[in-house]
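Paired with chain B in one complex and with chain C in the other, chain A is shared by the two complexes that follow.
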Partner chain A sequence: MSNRRPYVRSMDGWWKRDAYFVSYMAREVTSVFVAAYAVVLLAGLVRLGQGEAAFNGWLQYLTTPWMKVFHLIVLAVFCYHTWSWFKIMPKTMPIMFVGGKRVQPGTITGTGLAAAVVACLAVLFIVGGVS
Partner chain B sequence: MKRSNEPIFWSLFGAGGMLAALIGPALVFITGIAVPFGLIFKPDTMSYAHMLALSQNWAGKIFILAVIALFLWHAAHRIHILLHDFGVHAVTAVRVLCYGGAFAGTVIAAYTLLMIKA
Partner chain C sequence: MADTEKIIEIEVLRYRPEQDKEPVWQTYKVPFTDDMSVLQGVQYIKDYLDETVSFRWSCRMAICGSCGMMIDDKPKLSCKTFLRDYYPGKLRVEALKHLPIERDLIVDATDFMKKLESIKPYIIPKEERTLAQGEYLQTPQQRDMYEQFSSCINCMLCYAACPQYGLNPKFTGPGILALMHRYNADSRDGGQAERNELGYADEGYWGCTAVGYCSEVCPKGVDPANAINQNKMNSAINYFTRFITPGGADK
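For the complex of A and B:
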C-alpha cells in the first residue's frame, strides 16, 4: 500500500463555476416543480374518484395561502420552463432545412415560443368558453 | 450489443417537456391561481360536476392522463440526471426512485380514470 494521497479536485458546487452551468442547472431544476405540480393534479384526480366531498376538500386546499404561494412560484417556473425549452430546442432537434437553407436557431426558438403563446391562449379560451 | 432503453425514456421526457412548455403555464394559471383566487373564470369552472364530466369523457380521460403522466416522466428523467450531477451515483436506486415514481403515478392516474364510469 502506498501512502500517497493523490489530489482529487472536488466536484462540489461545480455548476456555480460558470454562467452556462448555472443556466443549465436553472433549466433542469424546473423539473422538480413540474413533478410537484403533477402530484397536486394527481391528488385532485384521486380525490375526484373518491366523490364530491373528497374533491371539494382538495379544491378547498388549493385556496390555502401556502398553496396559492406555491402555485405562483410554479407559474413562474413553468414560464421559465417554456422559455428554456424552446431556447435549447435548436440543439435538441435534428437540423432542419427549408428551401436548401438551414433553419436558424433564433427562428426555431421564436416559432416555439409563438406556438406556446397560441396554445396557452387556446387553453384559456376553451376553459373560459366551456365553463 | 444490448439495446438501450434510453429512447423510450427520452421520448417520454421530450413529450412531457413539450406538453409542459406549450400549455403548462395556462394550466397552472387556471388550476392554481385563477380558480383558487376567484379570478376571471366562473366560480364553478373546476366544480365537482364539471371535473367529473371531463373525466367521464374519453377525450378528457386521455387529456388528464397525458398531462399527469407525461409531466411525471419528464420530471423523472431530469431529476434522475440532476441527482447524478449532484454526486448521487447509486444508479440503480436513483432509476428505481425516479422512473418508479413516474410509473406509479401513471398507474394510479390510469386506474382512477378507468374506475370513473360515465
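For the complex of A and C:
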C-alpha cells in the first residue's frame, strides 16, 4: 500500500491572504453598486412612464440628504470601479501592433480612462445644456 | 570571504505524511551570505541542520521551474529570491498554495501534468509538408503573437497565485491555458479546433475571473491572464454562432 497522503490546504478566508486578492474583491464588489445604481435609474424611467408628477417626485426624492450621501458614496465607488476595470483591460485584449510596434498595456489603460473622462464630461455638458 | 556571516531564521512548513496529521512550522537558524538564495538557505538546512527536510530543485538559475515555493506567502522561485532581502527579519517557506502537499515543500503535480498533456502542447501542422517543400515560414510579427507565451517553464507559481484554481481544481488553470494559447496563436499550427474543446469548456477560459495575480507572479513574463482573457471573445462568438454555422461548431 502507498504511504502517500497528499494534504489539501483549506481555502477559507483566501481573499484576506494577500493584498492583491483584497483589491480584486473590492473591484468585484463595486459591480454590486453599479447594479444598485442601475435600479435607481430604472425607477426613474418607470416614474417617467407614469407621468410628469411622478417623475418630478422621483427627482425630488434624489435631492433628499440620504440620496445625496448615497450619490457621493456611489461616485467614489464608481471611480474605483472605472480605474480597476481599465487596469485589467489590457489582459482582455489580443496582442496588437500599431505601426509595427506592440501596443503597451499602459496605453490601453490610459486610453480607456481618457474615454471614460471624455464620456463623463460629454454627459455633464449635455445635461447642463438641457437644464 | 568579504561578507561577515549573518544568521537568518527560516520557518519551514513541514509535512511528513507518515507522522504529521497536518502541516507544522519548524524554525531553523541559517548562517548566510549576501549572495545566497532562499534555495541555498533550504539546502543549508538539509545539509547541516536537518536532513529530513524535502524540496525540489535542479537548475539553480530560474529555468527548470522546480524550486517554486511560497516565500512569506508569495509564490516565488526560491533560486531567484535572496535571503538578504528578508534579513534582519525572518522568512517563512511553504509548499506552493492550491496544490496538495506531498511532503514538506514538495507539491503533488499530478493534476498539472495530466492537464499539460491534455492540451496537446506541440505544433499540429496546418498543412503537411514534405522535406523538399522546405520549412514553415513565419514573419517576426507572427512570431510575436505567441513568443511570450512560449517562455513558460511549468513552475506552477501561477497556480499558487490563482484562487479560482484553489477553489476549483477542475479549472485548467493559468499556465496550461497560456500554453494552449501559445500553440493556437502559432501561425504554423492547425490544432485550434481540437484544443478549443477544452478551452471553451466551463473549466477552460471561463473558469478565469481576471484576478490577474498569475501574471504578476510569473517569473518569465508569460502573462497567462492575457492569454486566457483574450480568448473569451472568440469563445463567446463561437458559442452564439455554433447554431447558425453548420459543422463549424466546437462542442
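Some points to look at:
Throughout what follows, the second predicted complex is superposed on the first by the 121 of 131 C-alpha atoms of A that agree within 3 Å, B and C clash if a C-alpha of one lies under 4 Å from a C-alpha of the other, contacts with A are read in each partner's own complex, and residues count from 1 in each chain.
Just so it is clear, a residue touches a chain if its C-beta (ideal position, glycine included) is under 8 Å from a C-beta of that chain, and two chains touch if they have at least 3 such contacts.
No experiment lies behind these values; they were computed from the predicted model shown.
When the two complexes are overlaid on their common chain A, residue A:T82 makes contact with chain B while staying clear of chain C. Of the two partner chains placed by the overlay, only chain C lies in contact with A:R4; chain B stays clear of it.
In the superposed model, A:L41 lies in contact with chain B only, and not with chain C. Shared-chain residue A:W66: touches no atom of chain B or chain C. Of the two partners chain B and chain C, more chain A residues are in touch with B.
Contacts of A:W15 after superposition on the shared chain: both chain B and chain C are touched. In the overlay built on the shared chain, the residue A:P94 is in contact with chain C alone; chain B does not reach it. In the superposition on chain A, contact is made by A:A119 with chain B only, not with chain C. Residue overlap on chain A between its contacts with chain B in one complex and with chain C in the other: 11, 15, 28, 92.
Here chain C touches chain A in the complex through residues 15, 17-18, 22-23, 73-74, 97-98, 100-102, 108, 141, 144-145, 163, 166-167, 209-213, 215-216, 223, 225-226, 229-230, 232-233, going by the rule given at the top.
Remark: chain B residues 14, 16-18, 20-33, 35-37, 40-42, 44-46, 48, 50-52, 55, 64, 67-68, 71-72, 74-79, 81-82, 85, 87, 105, 108-109, 112-113, 115-116 touch chain A in the complex.
Taken in their complex, chain A has these residues touching chain B: 11-12, 15, 25, 28-32, 34-35, 37-42, 44-46, 48-49, 52, 55-56, 59, 62-63, 67-68, 70-72, 74-75, 78-79, 81-82, 85-86, 92, 112, 115-116, 119-121, 123-124, 127-128, 130-131. Residues 3-9, 11, 14-15, 17-18, 20-21, 24, 28, 88, 90-95, 97, 100, 102 of chain A touch chain C in their complex.
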